[in-house]
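Take a look at the structure below.
Order of writing sets the labels: A, B, C and D. Residues in every chain begin at 1.
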Amino acid sequence: VTDHTSFDIAHLGNVELLTPTFGRSLWFFQDLLAMRVVAEKGDSVFLRTWDEYEQYTIKLTASDAAGVGRTSVRASSQEALERRVAAIEATGLGEGWVDGEVGTGPTYLFRDPDGHSFAVYYETERYEATDDKPALKNQASAFPGRGVNARRLDHINFLAKDVEANGRFLADALGMRESERIRNDDGKFAAWWFHFSLKSYDIVYSDDWTKHGNRLHHVAFATDTREDILKAADIFLENEIYIESGPHKHAINQTFFLYVWEPGGNRIEFANAGARLLLDPDQPVVEWSQEERKKGQAWGMKTIESFHTHGTPVVGS
Amino acid sequence: VTDHTSFDIAHLGNVELLTPTFGRSLWFFQDLLAMRVVAEKGDSVFLRTWDEYEQYTIKLTASDAAGVGRTSVRASSQEALERRVAAIEATGLGEGWVDGEVGTGPTYLFRDPDGHSFAVYYETERYEATDDKPALKNQASAFPGRGVNARRLDHINFLAKDVEANGRFLADALGMRESERIRNDDGKFAAWWFHFSLKSYDIVYSDDWTKHGNRLHHVAFATDTREDILKAADIFLENEIYIESGPHKHAINQTFFLYVWEPGGNRIEFANAGARLLLDPDQPVVEWSQEERKKGQAWGMKTIESFHTHGTPVVGS
Amino acid sequence: VTDHTSFDIAHLGNVELLTPTFGRSLWFFQDLLAMRVVAEKGDSVFLRTWDEYEQYTIKLTASDAAGVGRTSVRASSQEALERRVAAIEATGLGEGWVDGEVGTGPTYLFRDPDGHSFAVYYETERYEATDDKPALKNQASAFPGRGVNARRLDHINFLAKDVEANGRFLADALGMRESERIRNDDGKFAAWWFHFSLKSYDIVYSDDWTKHGNRLHHVAFATDTREDILKAADIFLENEIYIESGPHKHAINQTFFLYVWEPGGNRIEFANAGARLLLDPDQPVVEWSQEERKKGQAWGMKTIESFHTHGTPVVGS
Amino acid sequence: VTDHTSFDIAHLGNVELLTPTFGRSLWFFQDLLAMRVVAEKGDSVFLRTWDEYEQYTIKLTASDAAGVGRTSVRASSQEALERRVAAIEATGLGEGWVDGEVGTGPTYLFRDPDGHSFAVYYETERYEATDDKPALKNQASAFPGRGVNARRLDHINFLAKDVEANGRFLADALGMRESERIRNDDGKFAAWWFHFSLKSYDIVYSDDWTKHGNRLHHVAFATDTREDILKAADIFLENEIYIESGPHKHAINQTFFLYVWEPGGNRIEFANAGARLLLDPDQPVVEWSQEERKKGQAWGMKTIESFHTHGTPVVGS
């Protein structure tokens, strides 16, 4: 992976989630995560977290099966966007320009080798709060004070038939840098973490044991504190949301986490990184062996079995 | 201020603090903040926080008066370093190359118009833990589990006779971007916040009411949680460290904070930003008026008077 | 004050608050504190916190002025109730038996020398959750996951013309024990803290500088963590509730606190005691001098002036 | 179990722990829990937590095997002590009076049917801080600001061959009240929680699958916040202390918990109850069925298998 000292992509922009239980999934994001609906279009609603500076964070789309639709990233400038499109086209996996949705400008589409749909854009319309004006003007909208109060999108973890091939594609196409990875005894990558800028990860590939293609492991939202995540667990308990694992602390990248399944079946993580930032522009990748991973999570909890058996769409393994 | 979509400077590297009570100040950083001494040279010791990937974070130097010595920043690459040196030399305030200290490579020195000493370098020696090896290998050294457990340097706030002139210099010399500022009714900037990458601020200028020059408002360390800061207050209370203000939440940049004076008199902040990041590469600056600042801090606490009367070195006003 | 090794009164039961802005006060308790309305009667609504095992916690009553109505305490047994009624009658301040309200059994009324209305009862109807059934059956009702999520009533602080006389009355009438007190240089008590059982305080008297009589300093709700109180501050900020002081830590009894004024003007505290319990059955009282109180709160914040100028009802001083 | 409205026993006083690795166990309590040695006698040291108002909290004794020695409780008054001694003698399991140790007055010894050694006393010498004077005088000694900062003893959980018989004995002998219990499908109690005063539990019996007798499940310390417990996990991770389970939240009594094994093998819990108190003097017992317990802990984590295979002393099952 090439060493980069600047990032053409500023950050993960938004993610489309597919759900076979649209009404219940909407309740989950709107009522439990305190997200706000900003637009509706066809079978989709567009929802935003309170700290989202753009128009929306999640596009929720009714579908036959759970899974992930398009994942969009925002370029740092018009020039950066053009550099990235050129790089993507060189991979042969570009799909061309389309109009952006809900405040997003010209958008270039592409797919990773595993078939996940991606988009990159630069122009964006900042959110102007109306009845949700914040008390402090350096904040996108008012703190909702309801449920989990999901602050912002944090990262996405895709299942992929070939982690290494998809990771290399991502590094080339988006100029991402790797932060950590798991390499099995057979030399294959079990999972690979990539980041933009100071965040320790933004996009991750994990091995898809089904070799199906185009599947999701999870989407994560950032919370301000670990206490927010403990409180989230209480809220999910009361609301009969399936809590799969956590709260606990990952050994990899040291994130404090909670995993639940939204009603449609997609795995959703709530993540807190504390003050951990990847400040070093030449940060060496941290590689974990199969043996090391047997220790489980940071504080010794064994990694839950369903991490390796559940993904969306659910397919016969 | 020019719009930048990449940053030639990766982050604030280290800060030299001057103290007239060397032994007591060393106790403060070593025992209360759980920092580790990595080198001694002449009248100085070099201390590191547990999450510091480089050799050191603070150079503590015995002196007649409290204050700030040299502030060093790390460039993102050799090319970025060269670009910055060229930009600095163009300002006429460059001072030339010197050998770096304690693991730092070739270092270029300069001063801001107010007289603060700066250094920029790229090459650095990563810290290799010995008897302080961490349990998780993606961490620079073991979590000390003592006192405040200061995680990493967060930012520095300088007093300056002319906030605007120094801020513009910083933007030109280091390619920093502004995030927030206070503009008084007379049009002058009372304070100006600048950042690298996703952090909301790394270097700040505040008005020096004494017009003395080369003075420090405070140096800040990042903690993982707001709870760490509450615990820090208990620890400072027990150890008779003067707590000046907080814990509370800033309106500007929304940092949760605690200010104390280390035994030498320098103001030290402990800061937590939660999950707040400046993701937008075109983030518009947030400007606060004199009137707005009268509201005090985020939750209504009046800004403490000594914020505008105490700086180091202490000089007649 | 007599030494007691058992307590005839189990705990503070409920408090009636008077408000001149009934609708807005109801919104405060219902929407911001996540309390639930369980009954309405005349000009009053009865609201419960989610952890309230009885029917209600606060009786909110429309009135010309803010202030406190009746404060009720629950006896530990029928025999204990009878002992207390005998003790109260011996003071000459008993007012006789009435039927209880909203699930409360036979209730004996009395007044303290300052004129505050009190009630004591033993029989009570436990709350049976219906549509608010909790996921865990050892909890009174579901965790609301909204706003401040006020857990339970914690204590009440009355203003009194004569702190000492009222405190002695309380000790005699209810068998409370003192925990801490402030004694001014003139020998008079500025404030006196009394408790039942292991809690460090349940009822407090503070000096009423107006010498008006029957006034309230504040009513407090308990939260599980200090983080809950920090989050509460954000919620009050967004909802334009006046935050008077805090979050900070009291020196006296070491409670972590936040004070706001509900829309009707009554001061409301949110309090967290951590794991602090008064385990010692012979705990000596802790007395603070006027000089000691000048140090302010635990971490040095000066006690806010309006603590000594605002009470309800608001009266000319 | 008889209904009590007052408690002759004020609280759990101190616990003797036996360890086959005395030096390492001492390091655990002294360095990691920040406890202070107050006395040494023969093969034992006496250690105190910083919030202990008496002289000591844990008596640590070198022994061939791990396990629990004597558990002491403090009576509420001399009369209460005498009532308890009479009640104990009536059970036939009294062992008579001895001199107390390290500040404890006349002490009456007895054993529960399972063979665990108990003591009850009333007179005690309060701790007078010397070089550990606290900044706030309503605190037993200075907050150490080291490691886990264990605040106070919280509860003890004994293994017993016959949970029901031992529980009934405890209720009779000490006047404790039950709070929660697990009853298996065969009608037998799998575990039974008993409490004094407002705490939700102080002494617990769990089924000893080995039918050995006189064994320990765990001893617990209270922390102020859940964050303290998360931090504790980091500290135990760095210090190679075996973390058995947690941090997580119990369904039973809803305690936030972390279980580790101290170097001698005894299981130690760190527990936080939030603001949860058993205020109701007539609180009905909460009974959990075998089926209900299959749900695991509050947030769904399965109860770790070693909870039912590890106790001290370790014996062949």
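Criterion: a contact is a pair of C-beta atoms (placed from the backbone, for glycine too) under 8 Å apart; a residue touches a chain by one contact, two chains touch by 3 or more.
It should be emphasised that the depicted structure is a prediction, and the values quoted were computed from it without experimental measurement.
Chemist: If each step moves to a chain the current one touches, what is the fewest number of steps from chain A to chain D?
Modeler: 1
Chemist: Name the chain pair with more contacting C-beta pairs, choosing from B-D and A-B.
Modeler: A-B
Chemist: Mind checking the centre-to-centre distance between chain B and chain D? Centres are C-alpha means, answer in whole Å.
Modeler: 46
Chemist: Find the geometric centre of each of chain A and chain B from their Cα atoms only, then give the gap between the two centres in Å, rounded to an integer.
Modeler: 32
Chemist: Two or more other chains touching the same residue: where does that happen in chain C?
Modeler: Counting only residues that touch two or more other chains, chain C contributes 136, 225-227, 234, 237, 298.
Chemist: Along chain B, where are the residues that touch chain D in the complex?
Modeler: Listed in rising order, the residues of chain B that touch chain D are 32, 134-136, 142-143, 145-147, 225, 227-228, 231, 234-235, 237-240.
Chemist: Could you pull out which chain B residues touch chain A in their complex?
Modeler: Result: residues 5-7, 10-11, 51, 53, 74, 76-77, 79-80, 126, 136-139, 151-152, 154, 180, 197-199, 222-227, 251-254, 272-277, 279-281, 283, 286, 298 of chain B touch chain A.
Chemist: Which residues of chain C touch chain B in their complex?
Modeler: 226-227, 230, 233-234, 236-237, 242-249, 256, 298-301
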